Amino acid sequence: MHRTVELDMTPKTARLLIYCPDSKGIIAAVAGFLAEHHGNILEADQHTDPHNGEFFMRVEVELDGFVLNRATFDDAWSKVANSYNMRWHVYWGNETKRMAVLASKEGHCLNDLLWRWKTGELDVDISFVASNHEGLKEYVDVVGLPFYHLPVVATNKQAQEQQLLSLMDECQVEFLVLARYMQILSPDFVAKYPERIINIHHSFLPAFAGPKPYHHAFERGVKIIGATSHYVTDQLDQGPIIAQSTLPVDHRDTVDDLVRKGRDLERVVLANAVRLHVEDKILVSQNKTIVFD
Amino acid sequence: MHRTVELDMTPKTARLLIYCPDSKGIIAAVAGFLAEHHGNILEADQHTDPHNGEFFMRVEVELDGFVLNRATFDDAWSKVANSYNMRWHVYWGNETKRMAVLASKEGHCLNDLLWRWKTGELDVDISFVASNHEGLKEYVDVVGLPFYHLPVVATNKQAQEQQLLSLMDECQVEFLVLARYMQILSPDFVAKYPERIINIHHSFLPAFAGPKPYHHAFERGVKIIGATSHYVTDQLDQGPIIAQSTLPVDHRDTVDDLVRKGRDLERVVLANAVRLHVEDKILVSQNKTIVFD
Amino acid sequence: MHRTVELDMTPKTARLLIYCPDSKGIIAAVAGFLAEHHGNILEADQHTDPHNGEFFMRVEVELDGFVLNRATFDDAWSKVANSYNMRWHVYWGNETKRMAVLASKEGHCLNDLLWRWKTGELDVDISFVASNHEGLKEYVDVVGLPFYHLPVVATNKQAQEQQLLSLMDECQVEFLVLARYMQILSPDFVAKYPERIINIHHSFLPAFAGPKPYHHAFERGVKIIGATSHYVTDQLDQGPIIAQSTLPVDHRDTVDDLVRKGRDLERVVLANAVRLHVEDKILVSQNKTIVFD
Amino acid sequence: MHRTVELDMTPKTARLLIYCPDSKGIIAAVAGFLAEHHGNILEADQHTDPHNGEFFMRVEVELDGFVLNRATFDDAWSKVANSYNMRWHVYWGNETKRMAVLASKEGHCLNDLLWRWKTGELDVDISFVASNHEGLKEYVDVVGLPFYHLPVVATNKQAQEQQLLSLMDECQVEFLVLARYMQILSPDFVAKYPERIINIHHSFLPAFAGPKPYHHAFERGVKIIGATSHYVTDQLDQGPIIAQSTLPVDHRDTVDDLVRKGRDLERVVLANAVRLHVEDKILVSQNKTIVFD
């Protein structure tokens, strides 16, 4: 089954993400710098956090006509950046991000991501899929991607994480998606991919963190269920939230109904978070996200 | 300002609410009993909880033509009810329920309920409004309802609750609505009105229970906010949930924005819960509601 | 790729759907009949349309213990049914419905249905998939279902419909799903499957009926998009609506964005409509649906 | 009943709205100009319409420290504006907009606007309320605003519009809100307030334009209802859409239920549109809105 990627007519861009202390003139400085180097701004978003005195900006610049490139940008830009004490990243949009996916037994999120990738909706390279179970192998085989079975037991967790890290290094994976992966990654592992591991949790966090959220939702008798996608930190289900959604339920819904209805939420919320990450639309500060969508 | 109640063309009904152990033939027994007494069933809803072996039913019977009435119903019905071990209530719809409202400083929920009552949307009698602050008095005066100022300090809480109970007894209040009332009622008070005190909490419970939920939502960086209406029990924000709703927010929303947007949710969620209670559409079991809407 | 159907623990049931003129005692008669024949009612829903004097009912009866079966039910039941002038259908739940799917070039709805079928979420037999294009063949091959390529040009439309009818007859297909099928079926064809052909239209009908709804939505500058699933009649996009949903959009969304976002709506709305049909939860009257969910 | 406006701690700002042909360097020019004059940018949003080659921008500049003011801004700014062929408006945020409201018999939208105004949520001056009926006078009296009764019959429509125009001129009303006003304003009247008359229509436009949308929605059997706020043009219900929202309904909902549920939508959608207008967050081009919220 081949991948059908539509011919992409979107202009190729560089995306500049900026964090700095708030002060006057930042936008003028950034926009002036880009204009001076013939960079056409396609999108620009900024946000000021007055409480913490922080400034955030995302600028998308058309590469066509821009006189700077990967080799020359950093030097030229550093003067502006330093004068405002900026932390910044630039993403060169003519390179596709590489991601890996971890899953366990539930295939709905994995299958959904594979489908969006296969049809070209999700503009990303998937390096491989790994799982602590073998059940989802056929989903991955059929689209022609590598599948690694990394079963986890009490004694081999560290070794398997090491194995996963090797695979990720080897493939130069930029970020990792946990598509209903039911193992908890170690703090050491997580520390290697800050703001680069995206999880989907099947509740409206912070409610029902931890295992079996649909069972807890049923027991509590809530009238809505939800799904939350967030970056993974070393605090379980406490990382910066990227996207959330809910839908109504009622007393007729069994736990199985919640699970079934929830699948449709989870797929869309996770896919949305992955898309935002791929398009470099997420900034993180103080364990919260600024999403420039 | 006079109350403009539209002429109500809805047929007057009796509403029978039933709880019993599940067994075969209950619906036939109930429907047969009503048919035998010329009661036309306008609505019938039932629910079976297979886990707990419980059966729930709500039947709305047209009073016109029904040969039983308040005086004769109980005797006739008891035989059926006893043979199935039913707990049951019958509400005679030609009598309007009496409710009282407690509020504090925030007027949006109170004002909304008063407006729905004044225009006849909410088919209820409001006996009085009481508050621990005086600020909302003008809302209540203008619609011609009694307003009682019952300020609460550490030393007079019990006395003020006693005063409130006296007012409620005197007015034969059937249920109490907490329209953003910021005091916690004592367990003794709550025990006198089981499943008769409706609260609105400004979060999607069970998340952000307790004070200042919008502040906590802001700090956590959630992408949705919510409101929850529930019956009050002696466990703070833990009672059976009647209605919930959410709406999306993002990083641009300050705490003040959350408060502003949340008001529109709270008003609608509370009004909906009050309407369901007034129409006898809520059954409670195991700290959960069955809502036959 | 094999189908993984979870072991279904749901009790097998018969589902009785009733339409008749409204009168007193219907529920008692139905429930009494079932009780008399030891049929345990698992779910019962009814609806009265006071304007048209119509009564609608759906009853789900546990087969275990029920003393009637496919061979004996009709005779026994006819007396009750005739005395109330009922139109009625009974569906024996121990037989799985057979459906066929038509698609064109867009694969998201087809793929979604196949996935729900393959995982056992959708309790249905898919007899075959047919398309006027070949592009989606690989989706169908991979799950091991028959795929028929029935290209349509001006001169062969009638012949291809005849071919389709033959396939459907041969496979005893009960209903047909148009998963973004871009051809209009002839009135003759439609007349053979009344309330048995389910379409998904990519707008909130009645707005943007006909071709290219996302383009029209973009041109009109709406702030929401929608999807509508309905039974097909001989009036294009005018049949009884089964399910609808919307989501917010804004000025930043291009037509391509509307198409992308809309896919997530369409899949869920269509899948929901198919589920409701499979569970015999839809009654139709006066070009409107009563959905007992 | 006095108006309780919270002390507003939001910094006073000027809001600059810009429309021009798209070209490189606009953002740099605008931001550079503001920086040069010590204007701190609090918010900046822009949008490019690649199809029509149009550029849109909204900048909010803190007045504190800004060396330009109402008297000096235009001259200084014109050089930048002219070099990019800009159409532009600047709103000086230390002046509150003046609005008037028209209503007929339904009071829910009017009452809601009055409440948001009275509590200070809506930062606007309401000059007066006018109606072709007298029924809503008491709502207006109680908050101390002028109420004008302008009954409309076939023969006096022009005269009453003239009367309304005189009132608006006299009060220097900036924009007009139609809070369920059931008369159609003449093209001459509308032409005097382009993009300054906001209507609420009780359907998800373009569906159910014109009178009695809830009746038509009921007859069509839709599963959602909606509300749409738009600027009024001389084409009925065809003006640029500002905000829309929907909610689910089902076969149990009578027309009266749709009307009741719809009220909660209409109030919120209209209030939101009015807020966006007041905050100068709406640009209009090609009969569509760009909403910078």
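Letters A, B, C and D name the chains as they come in the text, with residue numbers starting at 1 for each one.
Quick note on the criterion: a residue touches a chain if its C-beta (ideal position, glycine included) is under 8 Å from a C-beta of that chain, and two chains touch if they have at least 3 such contacts.
Nothing here was measured: the structure is a model prediction, and the numbers come from that model.
Undergrad: So which chain is farthest from subunit A, going by the mean of the CA atoms in each chain?
TA: B
Undergrad: Have a look at B-D versus A-B and report the one with more C-beta pairs in contact.
TA: Per the contact counts, A-B leads.
Undergrad: Using the average of all C-alpha atoms in each chain as its centre, how far is it in Å between subunit B and subunit D?
TA: 36
Undergrad: If you average the CA atoms of subunit A and of subunit B, how many Å lie between those two points?
TA: 42
Undergrad: What graph shape do the protein chains here make by touch: line, ring, star, complete or other?
TA: complete
Undergrad: Which residues of subunit B touch subunit C in the complex?
TA: Per the touch definition, subunit B meets subunit C at residues 24-25, 27-29, 31-32, 34-36, 38-46, 48, 65.
Undergrad: Give the list of subunit A residues in touch with subunit B in this complex.
TA: Residues 47, 204-208, 220-224, 226, 240-246, 248, 250-252, 286-291 of subunit A touch subunit B in their complex.
Undergrad: Taking the complex as given, what residues does subunit D use to touch subunit B?
TA: 1-2, 107-108, 111, 115, 119, 121, 138-139, 142, 260, 263-264, 268, 271
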